[in-house]
Every structure is written in C-alpha cells, then in structure tokens.
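After this come two complexes, each holding chain A, first together with chain B and then together with chain C.
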Partner chain A sequence: MSIRDLLSPFTAWKYLLKNPVTIPDPLNDRPGSARYRGFHKNDNEKCIGCGTCEAICQNGAIDMLPVKGTATQEGDSGLRPRIDYGRCCWCALCVDVCMTGSLTMSNEYKWVESDPDAFRFTPGVDEKFWDNAELGYQRPEDHRLVEAKRVTMEEMDADTRINSFAEIVNGYSIEQAKLEADRCVACGICIATCPTHMAIPDYIDAVREGNYERGLKLLYETNPFSNVCGRVCTRKCESACASRHEGEPIAIRWLKRHIIDQVPFEKYREIIGEPDAPTGKKVAIIGAGPAGMTAAFDLVRMGHEVVVYEAKAAAGGMTRYGIPEYRLPYDALDRDIELIVSLGVKVHYNTRIGSDIAMAQLEQDFDAVLLAIGLQEGRQTRIPKSEHEKVYRAVDLLDKITSEEAFELPHCAVVIGGGNVAMDIARSLARMQKQQYDQVDVVVTAMEDQQHFMADADEIKEALEEGIIIRDNCGPQGCEIDESGHLIGLKTWKVLSILDENNRFAPTYDDSDETIHACDTVIEAIGQFSDTSLLGEELTEKLEWNRGRIDIDSNGRTSESWLWSAGDCVSGPDVVHAVADGHRVASSINSYISSNESSIDKQS
Partner chain B sequence: MTDNTEGHISGKDKLEACSTLKEILQQATEFERTARDFYAELAPKVSKKIRYLVDELVIEEQNHYDLFIDLANDPEVAAQIKQEIITPPSNKRFSDCIQLPDLGDNPDDQTILQYALGREQAAMDQYNSLADSTPEGPLKDVFTFLAQEETEHKNELEKIYYEVVHSGGV
Partner chain C sequence: MAYQPDRSQYPQPGADGKLDIDLTSGKYLKLWQGPQHPGITGNMAVELTVCGDEVVEGKVHVGYLHRGFEKLMERRTFIQCFPIVCRICVPEPDFNEYCYAAAVEELAGIEIPEQARWIRALILEMGRINSFLMYCGGQAGSYGMGVISQWTTYVRDLMLDRFEELTGARIYHMFILPGGVRDTLPEGFAQRMEETLREIEITMKDVYETMYCNAVFKKRTVGLGVIDPELLDSYGVTGPNARAAGVAKDVRKDQPYLIYPELDFEPILGQDSDIYTRADLRRQDILQSVDLVRQILAKMPKEGPVMSKLPNVLHWKIPRGETYIRGECSRGEYGYYLVTDGSGFPRRVNVRGPSYTHAMSLLERMIVNINIADVAGLMVSLHTYPPEIER
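After this line comes the complex of A and B, so read on.
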C-alpha cells in the first residue's frame, strides 16, 4: 500500500464546503402525467393498517410500523406502511391491493434530499410537499385484485322454512368455500377482534388448500364450540374484516362451518389429540353452557379431573335452551358436547347445586370450583296488568319449545323487545302457528326504531319474510284485559326518543299516540338475569359483588380463592365471549391447582 | 340514622295542613328523611348482590336531606319562611309517599328501583307544581331548583333501571 492510497480518502474533505451537484428542480416545470405512479400518499384516517400492501410488495419496500398518535383499536392495527424508495419499483401493486383505497400515488416524481434515510418515510404521517397533489395513480374502479362480493350462502325460502324447524342455511359447497376463501387477504385484523383469538387467516388458508383436518385442528385449538360458532357466532371478526371497506366482509363464520361439515365426527378425537396424564387434581364446574364446557375442555386436556353439574337434562346452556333449532340444529351442538365429554369430562345432568348439592360440599370436595350459570331468567316489564297468566318471558317459552314441554300456543302473540331473543321467540311461534293453525299472527313491538334494533339485520329480514309484523318505536304501557279476565292486547305509546345526550336510557313518549296491539298472549323479551340463589346466603355475603354481578378479577377469579366465575353471568350474553371466558378461567384455575396454593388453602 | 323529631303524629297528617314555606320545607325534609331511613333499614335485608342499589339510594336521600336543612338555614329563604303558598294537587301523592310501603322480605332490584322511581316522580311533580304556583322571586327559584334536583335524580334512576333490567339486552 502506497502513501497515496492512505491519503486519498482525505481528499474528499475538499468537497465539504462546495454546493451539492444534485440540485432541486433541474428540469423546471415538467409535471408527471395525470395517472403517473409517483410518490406515495396515504389517507391515515382511511388506512386500517392491514398490511396487505406490505404482503404484496415484491421488493420488500414496505414495512408496517406503529406511528405516534395512531392507536390500535378494533378493526385497525394502528400500524402504517413505511416505504423505502431505495427498494420501491413503482409497480403500484400496493395501491391496487389496498383494502380501503387509502394508499394512492401522486404524480410527483422529483424529490431531492441530501440525507438518504429521508427516502424511507411513512406517507400520510411524514408530511411531504405532494400530500395535496390532485393528480396521480389511484386504483381504477374496475381494477380489483380481490372480489368485492361474498359468495352467497344458499338458504331455504321463507315459504318452505316457515313449515318446520329445519336449519335455514345449506352451507357452502367445496367450490363455493374455496372461492370465498380466495377473497381473504390474510391480514389477520380479525384475530384481535375475535374474543377467543381464533387463527382465522390460517383456517381460511386450510379451506383454500382443501386441508380440512388442519382446519379442524386450528378451530379446536381456540374454540371447542366450533360447531356452534360456525352457525350462530356473533362474528365480531366480520365487522373488523378489511374486505368490508370496499365490499362485503369475508364470510368467516360460514367458512368455519364449512370446515366442520367436511370432517367426519369420528375423526375429531384423533385430530384433537389425547389429554395429558392425570394430575390428581379435581375441578367442579356448575353449568354446562359454552363457558363451563370450554373450561372443562381445557382442564381435562391438562390432565385434571373435571365434573360438571348441570341443572337441565342436556348440556349447552342457552345455546340449546335459548337458540331455536332452525338456527342451531341440536346435532351440531351435540357434536361439540360429545367431543368434550369423550375427553373424560363427567357431566351430572338434572343436578341443581344449592338444592341437590351444597356449594360448601363442592368447596370441600374439589380443588377449585367454576360458576358458569349463564343468564337463565327473563326480566319482566312489570307494566300494569302484566302479571296476567298469558304474559310470558321469552326464555321460558324457548325453554319449553326445546324441552318439548306442552304450552297453549297463542293464536295471536305480541312480543316486547327488539333483540335476538325477541326474534327467536317470534320466529319459533310463527313456525308453530303455521304448522298448527296454518297462519302466522305474531307482532314484535320494540322501543327502538327498526334501524337500531339489537337483533341481527339477518334476523329482522328473515322474520319479516316469514310474515312477522314489526312495529317499532312502541313503548309498552300496560296489558289490556277484558271483563272476563282475558288478555286482549298490549297498550303502547309512541317513543319519541330513547337515549339522552350521553347515550343513556331516558325515554320520552307521545302519550297521545297510543296503540292497542290486539293479542291473546304477550311475550316479554327485554333482558335476562342470573339466578344466583344457589350460592346461599352465607356465600353471597362473603363474595364481593360489582353492581349486581359477582366481582371477578381479570382471570375470572372471585374474592373467594377457590371459586371462579365465567360466561354470560359475569360478562353478558355472547357465545364466543363465553368460550373466551372459559379459556381464561381454565388457565387461571390450572395455575392455582398446579401450584401448592390450593393445598395450602385446603389446610387453612 | 333515624332523625325522628315528629313524635307519634304521622307525617301525612302534618303535610295535609301545610301552607307556608316553612311547612313546605318541613314536609320536604320529612319526605327525604323517611326515604333515607327506609333505604337504610332495607339495606341489610336485601341480598348483597343488589345492596349497592339501596346503599346508593341512602346516600342520595341523605344528600337531599342535607340540602333541605341547608335551605332552611339560608338567610334568603328564612326571610320568606312565613310566606303563604297554595298547596298544589300533587301534594296528596307527595304526602302519600311518606307512608312507607312493604316491599316484602327480600325485594329484588327491579322492585326497589320501581319504588324509588315512584318517589322521585312524586317529588318532581310536587316541586314543579309549587314552582308553577309561586310568583317570580327567590321562592320560585328555590322550588325550580328543587324540581331540577329531583328530575336529575329520577333521570339517573331511569338509566340505572334500564341498565339493570335490560342487562343482557338480548
């Protein structure tokens, strides 16, 4: 090496004080064409951080990163695309695939910086001079990489389905399911929204590749009520789906059901695997609904002995005794229950804790106890004369229908309530009326306007198709009884508003706009509550409560160290939330009984 | 908690005769006191599950009671204390509320809230009527203020009622 070689790098210092050779605007005013693929723009408000742009970029020029001031929330990952112009080839695939249309390109193409790192930036967050450029490339309307409309789920027409309790929807064929699965861009935003965090993109991928056994394994990793949720899940995932922004959300629930339908039940056990070796620990679960049975599923697989006590003759809780068979066939529910029981869970049916067995006995005999009793009792309006014998609670009638218990079928029924339970009882009675009287005479009255009913839009649409009359903005004021003591109607006043400026209940009525809805039966479907009398006075006093519900910590544990609570009775009604609750408490119970904590508690 | 200075004479009898601001305030104070004592006695009888409701009612009625005591001691109100006021038609219903009901051995949350709502409605109507029948001035302002207080409490109870009864909302 010569002295020249050693000194030559230092000769570069002479350029330190000279003007840069690259100058801004060397070509004067020569704008890019109207649809030029220039520098990126991103509408930060529209962007949901799905990362589809990152996934499609062939050059690895896009990274999804958190940005200050953009929080993670339902349907938005909080991440935003950062683009590296050292890698970008301006192909615009990222723009073409963008699920919300937030990512576009300006027609600006001249940008001079002395700092090379500046060419790695986050459009829409890092301000640039082309942010307001009107021209540039946007995805043309007819140029979509993914189909906007979902594959239609075929179902029975109203005239056919009103004659029976047969399941309404048919399920996807393999070809239909693959087409629908192809619409998914696997962004995974749905996973965070699902209460039990199902591996949705992965099981949709299993549908795409036709590997249903892999799909089933993925389903049961997080949801032992996959048969149920494949049919009646409230599908929060679909409300967060990236596809909904410029089309219809992926039919996630139906794809889940499709996997279930493709795998013979005999194979379930083999796919799911055997439980761990016995631990010698025992857990009692009160209530065989989704929360209790999910916890049972997890705990028995961990090797613990699990005994479930169920007051009814069959398991499933409100999914069996509240949801009509045309929405959830009993054999689908039975498959989920049978699988859990096959793992070694013991279920004592027709056994009521509090009367048949005391809570204190469970505390003594088991290492931990889970209370998962649901919201089994119907609330009453207690409007004048509603104590009449022909005024029923919806949950009681739905229970009778499932249990095949006889009751006098109304010729003309008025339902109070605008939620799914109201629709369930209205549609169930309509089917029975059609079969028995060859005509449907059911009216649903609710305080809300129809656009704001709590019932699913599909439920309302199908109820109307089945001949049920919906009268909205009706506030119940009293039942009408004739001189002979017969119920002859429900009196309502027109509701002017329901909520106040803080979105809390503060109804106002127009009492001059009164309607008498003629009927021989009124059914109240306004809400439910949990009957906790099984706890007994002593335990009720010992427990901490939170505004009418048992107080639990984030793991579902009550103020008593041996007792947990989960599901509708503490979290409100929702099957998939109950499943998520079941997992959470099972994990907590496992930690407790696997440590010495439970033994110490027993000795003390 | 009991602050019974009324002896064996029923509150209702006393209320029927009232016609001055002093008597109106005494009536209102009695209304709040009986409510407070009623809820305070009810609290240990109800299930712990719903005791929060009754405890909240005790606190609210105590606040109202304190409010009336403060009003009676307010010099501006004291100056008007002998002013005659027409007893409104709502007075009967209002005074009836001093007759305490039997809610049973173990009333549920809905029963308690319905009773509390009924009381608040009666109080709201009473003060609104008094405000309507009183000429403009500080006295009218007092009744308007009281009516607003009762309205706010009733509205709050209605919201709680909805959240309790429609919990689950399915």
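After this line comes the complex of A and C, so read on.
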C-alpha cells in the first residue's frame, strides 16, 4: 500500500466536469439499428399463408388465422400469421424461413399500449405505426434455411431421344429424390390445389423416410392413376408450391413417380388392400379412361360389381391413345390398369355402346351407369380446302401411332395448334421421320405468340431441341393444293390479336403478311370434342344439356337419376381432373345405390 | 482470514456428516444472503451459519432460476434450440450459441465458412469484454464503490450498440446459428468498434486509478479468498479463477478452436490467487480482449460466405452421435455435451457452465472462516452467473 493508493481514488472527481452519457429522451432519440430485430411487418399481398413461420416458431407465438379481406385461393391458404408478443422472442427464424420473403422486421422496439390483448396482432393486417419503417431485420441475401434450387432431373439428350419412342425422363435416384423431398416445407397448399387432393406432403415425407410402401399407399388413396400422373400430370400442385416464390417448386410429379418406381408391382395389391364384401349392386361404366377406371377402382373396392365397356382394344383412353410413349410408356399405364382390373373390374374391350349394346339395355341391367367417354374427336379448322385427304386431326394420328395402324408418314408436316397435343403429334412424327427418312421436317404453327402457347414450356423447349420448327402468330387461312390435287402447303396470315374486348375468340390478321408453309400433310390440333351419338335419340332428347355438354350437378349426376357423367367429356382435357371426377361420381353413385333410392327408381 | 486447515477449533461433523452446530446454544446464528440481496450475484442464495461475524458454514441454494433448458431442448428441433440456448447465460450468451452450433455442426458434418469462424470469434471476444466489464462493476459494488459500475455500464452499453448493429439485438444476439452466422459485418463497423475500444481503454484506466489503486479495496481484498492451487483440479476450477493461482488454463490455448491459433496472445497469469489478483487479472483480460478484437478485425477475411448450406431445417435429422464442445468464456471452460439419436431432436444436451463448480462446491468451501462483510466480495470474485448453474 502506498500514498498513491490513498490519493488515486480521488481522480474520480474529474467525472464531475464531464457531460452525462445518458440519453435524455431515449423514447425518441434512439432508433434501433439498421438490422434491429424489432416488431414484425408482413406484406399481405406477398404472403401466401403457407404457415412455415408457424411451424418453425419454437415459442408457439404464431398462429395462422383467417383474416378479413383475404380470401382462400389457388396457391394462397387465405390465412395470415398472428403473432403473440407475450411469447415471441424475436429470434427471427420466422423471417429467415419465410417462403415468399413477405415477413420482415422493423427496427422499431417501443410500443406502449394499455390493452394487453393488443400485443397479439396480425402484422400487415392490423395497422401499426412501424408498417412503413424502412430499416429493420430482413433475411440477408444467401441466408436460407430451405434450399431454393430443384434437383435436376436427368433426361435423354435430344440427339438420342429423337431416334426412338423411349422414355425421355430418367427418374430420380434414391439420393436425388431424398434431396428433392428434403426441400419441401410440408405447408400443404398443394393439397388444396390438386384436383384429387393427393396427400402430397405426406408422400414426400415417405420419400424422405425411404418408406416407399407407405408412400404408395398414400398415392392410391387418392389416385389409382399414380403411374400415369407420376409422369404426365399437369401438376397444378407445382404451380401452387410455396417453394416457387423464391426458388423452384418442389418436383412433386417426379417424386410421385419415384415412389412408383421404387415399389415392385407385385406388392401393390397387398399394400392397397382387398375390396369390401360384395354388395350385389351393379354399375356399368362406359369408357375405360382415367375417369371411368378411377370410378371403377372406387366402386369395386366398395364391394359393387363393376362392368366397364371400352370401344378400343385397350384401356387408358387418351392417356394411351393420345399421349406418346416417350412421355408415358405403355407399361406404366398397364400397371395402373392391371391393378384396377385385378380388383375384380370386368372390362369388355372393343365394345361400342350404341351399336353393340344399347344404352337402354344398360339402364335396365345395372343399378347405375357412368358415362366417361372423353373427348375422342378432333376439332377441324374448316379453313378452305381443309377437307383434303392429307389433312388429319392430331388425335386420329396419335391413335394410329399407338394402335400401330399404317398411315403414310409425311415427309413434311405442318401442325396447326400450340397446345400439348400439337407438340405430341409434332414430336411423334419427328421421331418417325427420323427413323424412316433420317431427317425431321415438322413445322408447328399457332395463333398465339410463343410465350402464350397452351403447351408446357418443357414441351416447347424439347420440341425445338428435337429440330421441330415453331412459327407463332400464324393464323391458318387455307390449304394450298396444286393442279394434280396434291396438298402442297398451308397459307397463314400474321395474327394481330386473338380475343376481342369481351375476351371472345375473334382473331384479326394482317393479310399483307402471308406465309405459305410448304408441306405434304397438314395436321389440325386445335382441340377435341365428344361424340355423344351413343346415347341414342331418345336419351339425348331426355337429357339436359349445357352448351353442347351434358348438364351435370356437382356430383357428376345427369338429369337422369341412373346416369352420371365424368372426365374429359364434362370437365375438359386433363388426366388428374378426370381422376378427381372419377372419385366424385363413384362416391355419389355409391350413396345412390346403397340407399333404397335405386330400387325404388327401378320399380317405377 | 483464510480457510484454516486445522478444524479443531470449529464445529465437528456429526455421524450424518453435517456439522454439529447447536443453534439453541446461542453461539450461532443463521443468516441468509439472497435470493434478494444486493450482495448476491443474481438469483441464488447462501445460507450462512455465523459465529460472531465469522462464517462457520455456508450452504448455497439455487433453483430460483430453473427453466429446464436442457429438457426443453429435447422437445425442439435442432434449429428451434438455437434461440433458446442464449438464455442459459444472460450476461455472456454467445458461448451458448457457439458451443451449441459447433456441436450440431460436428455431429451433422457441416463445415462453416472461413469468414463465419472469424465473426464468431469476434462476437465471443466482444462478449468477454462485456462480461468482464459487468464483473468489474459488481466487484467494485461489493466493496461500496458504486460509481465504478456506472462507468463500466456505460462502456458496456457502447459495446451493446456494436452488438446491436452487428447482430440486430443487444442482449440475446441469436446470431451464431448452426451453419455459420447470420450476416457479415455492417458498413463502417471496424471504425465504430475502434472508437468503442478506445473508450473502454480510457474507462479502464480510470477504473484502475480508482479501484485497483485504492487503499480500501486493496486492504479488503489482498490475501482474502485464496484458492489453493492444489484444489483447482479436484474442484474443477477453470478460467481466470485458475489463472490467478498461476495455472495456465485457457481453452483458447489448450484446445484451440475457431481462429484462435492465428491470434497473438498469451494467457495472463497471476500468483497470489486472492480476490485482488483475480480482479486485476480480469482487468488485464479486458485489455487483452480489446487487443484480440483489433487483431480479429485486422486479420479477418472481408468477403465470402458466412453461412453453409443446411438441409431443410424443418425436418433436419442428425445421425446418432455424441460430442463435447468447449470454449473459454470469461469465467472458464464452457461446454456443451450433445447426444443425437438420428431423430430430429437432440437426445440429450448437457451444459457445463463454470459457475456450477465455482458458485457451489468451491464457494461453500471458501466461505468458511471469512467475515460476513466479505462474503459478497468473495462471491463476486469467483465471477458466477446463476442461470448457467441451473440449465
């Protein structure tokens, strides 16, 4: 101890002369830093109510609730996160994991309120004074808790695939599938969007777990055409996927296919289970496409006797006779059909209702009849000289290719139409040309510009890679025929607009911009319609119609109590919609024939 | 008065091992220091038995802060544990974040980016400075020098400002998460940090003059609360408490982690192992950490990623395994023992906070024979934070 130790403490007195360091008015003079994790903000327009914030919140501070003015719609649950500041710890994991980037934080940290319930609020909906704060925590760039990029699907390259009808897409390996499945946040928005409401997050979870048998069981609970949909589904789910907002959507379709690829077909029956005990009721189904066969699958499992009448030599409808083999190999489709048949569904092939058996006969012999005849007839453009024999409908040609029926393969073909059917026929012809003539000469002409084609972007990209020429904004005006009566080309005018101000089809053209597309064959792929002549005059007269389609109620039932209708012929061309329709009518038919109603109807 | 090895003059243990203290004799008095008492470090209590003003027995009581973190974590996914762990030690939360993140990374096989390793070390050193500043105020306060704690609180607040602009929060930073850190340094951070460091140096100089060169403080602390170096291992004493006894225990040197091998520093040692030595050692530690922060800011990479790719955290499963991750916090060895069983939740988490050994077993031993008035000073000199005793 020294004299210094006695005097030195008195140096503290110098602080008397220093300015105080205290902030005089901290409520106003001290804003939070730029990154401050303060009160929440939510961009209500951007938010899709996926609930990932709720899932990650370890405090249980977030509840997803419906809010006024926000409706449930495709890709948006309509719910919004309500945050309870009695529980929140401002860790910002909700901001980090937000799938759309809608949830952020302000740098505001002072909020005085006399009502404790006010601290449970819905950011972005309940107006707050920090809603327009510019600073505050936002998820830093590259800081992601969920992978944004999809696992690339390996495909056959264009030079190889053009040589055959072999399947283009290879399918995921187990490792790839697990990686892809890992990206899913299991929000379930896809379930609401899927027409048949498949348990998508659950079967993706089965992929993660490697429990493929559970996955298959889940698939078949809602979709007996899982082999088909795993390959060619229009995948509405992916366009609603939460992951698409800040990255690529989960490859839901390929994961479905992955489950299918992993489970041996012999095991399907065991996994799916046996049908219920026979009920003694009989149902006739006309058309063995996805809608008819789905209804057959459901009804036969409920214990009813199901007889399917199919005009063609094999089942599958458009999935077999419309979709080319390189997209949907026949053996995949066969597996779905075989499974349904193995449950006890009787299918009469090459049997045409109307000519072979009358509708009246079916009405008499069965408790209920389902009409699932699809859209089998191709629409015609009816442009001048299109009645020439070398002008085909795409569906007819696709049918011939599947049935291996001979036709004169064009050396040079022009397709009219910009949808998936146009791409299907163009790419099929290209393959056959490559095999027979060793060169591809197919032109696709469509009225829309390429950005607005109805066809999937993948289809267009792959068609171009395969050497198909696509000419957009071309309105067909007539076929060109030479003196000897040979088809030599298609004349088109440049399209200026397609729809009028009332959104009705009323194209306008620039007739000075004319193109003659040289060809020896023209193929029309502008849509299909249903041939309902099988109904017979009397029934056609009795039924109620709506714009050329049979009028049905929300369960698919027609104005005749014994007759239902489902699939493309009532809801337009789409496999997964047809499957959903099949389930709907099956359930309606079941409740009708299980009640006494059907027997009363029969007696009367 | 230090602990007397000759116990013949003191109450003897009875058959049940407890001291034979006859409270009806009038010789002894039970005295509670805490749980509400200005001379206690946080929410804990010491039950003192005094004879005159000399303590003959001290029992430490904890449990006032028990929130069951370790158990809570068994019911949370790996990412959900991340916002919880910082709460285990309020004044220096970052070691929890670091140890937990490092344990998860080791078991999940994740390598973190270089820049993240530097930023982690930066945060840990910033936290160390803050923890020591808080200690200085407390130690001074326990000897009636309240003004020192006001000075250190001011500079600690400046450091909290730096924490706020770097991490987005002042106390619970929640910045070091499995996979790296949330973000890079903000624009102009090094400059503002330098200003803060200078302010700390100036304040510490004043603290030195008024507290360390203070006859009263010296008189009351020199020679008091001596930890016998032979007790260190048997009582699990680490950190400054051990280094003040001349034993170089520093995890940063013994088992280097993060980027510490690339920094130039030597553990500061003391000799006398009394309260004054420990206090002075911590003062020097603040200055050393100030230097380390400068070194880190000068040497760290200024670009590159700060976060590794994680699997989808919502269903993150970690293979079966166990690990123990340690780090040198301001009070000694901080460790996380993590067991995983292949599921999405930790099977077991055990937190080793240095306060458990220092505030419970060691304090009970050291408190015997000292004066009631010195209990608070002794307790603070062991630098304990009760929340980490009861995880």
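A few points about this structure:
Here is the rule we use: the second predicted complex is superposed on the first by the 575 of 604 C-alpha atoms of A that agree within 3 Å, B and C clash if a C-alpha of one lies under 4 Å from a C-alpha of the other, contacts with A are read in each partner's own complex, and residues count from 1 in each chain.
The working rule: a residue touches a chain if its C-beta (ideal position, glycine included) is under 8 Å from a C-beta of that chain, and two chains touch if they have at least 3 such contacts.
Remember, it's a predicted structure, so these values are computed and weren't measured experimentally.
In the superposed pair of complexes, A:Leu6 makes contact with chain C only, with no contact to chain B. In the superposed model, A:Phe529 makes contact with chain B only, not with chain C. In the superposition on chain A, A:Arg547 makes contact with chain B only, while chain C stays out of contact range.
Here chain B and chain C are compared by how many residues of chain A each touches, and C touches more. Shared-chain residue A:Ser33: touches chain C; no touch with chain B. Within the superposed three-chain model, A:Ile174 lies out of touch with both chain B and chain C [touch as defined at top]. Contact with neither chain B nor chain C is seen for A:Ala166 once the two complexes are overlaid on the shared chain.
In the superposition on chain A, A:Ile56 makes contact with chain C only, while chain B stays out of contact range.
Those residues of chain A whose C-beta lies close enough to touch chain B in the complex are 375, 379-380, 382, 419-421, 454, 500, 504-507, 525-529, 532, 537, 540-541, 543, 545, 547-548, 568, 572-573.
Chain C makes touch with chain A in their complex at residues 76-77, 79-84, 147, 151, 154, 161, 164-169, 172, 174, 182-184, 186, 206, 209-211, 213-216, 218-219, 305, 307, 309-315. The touching residues of chain B, when paired with chain A in their complex, are 47-53, 109-110, 114, 155, 158-159, 161-170. Those residues of chain A that touch chain C in the complex are listed here as 1, 4-6, 8-9, 11-12, 15, 21, 32-37, 52, 55-56, 58-59, 89-93, 96-97, 137, 140, 142-143, 145-147, 182-186, 205, 208.
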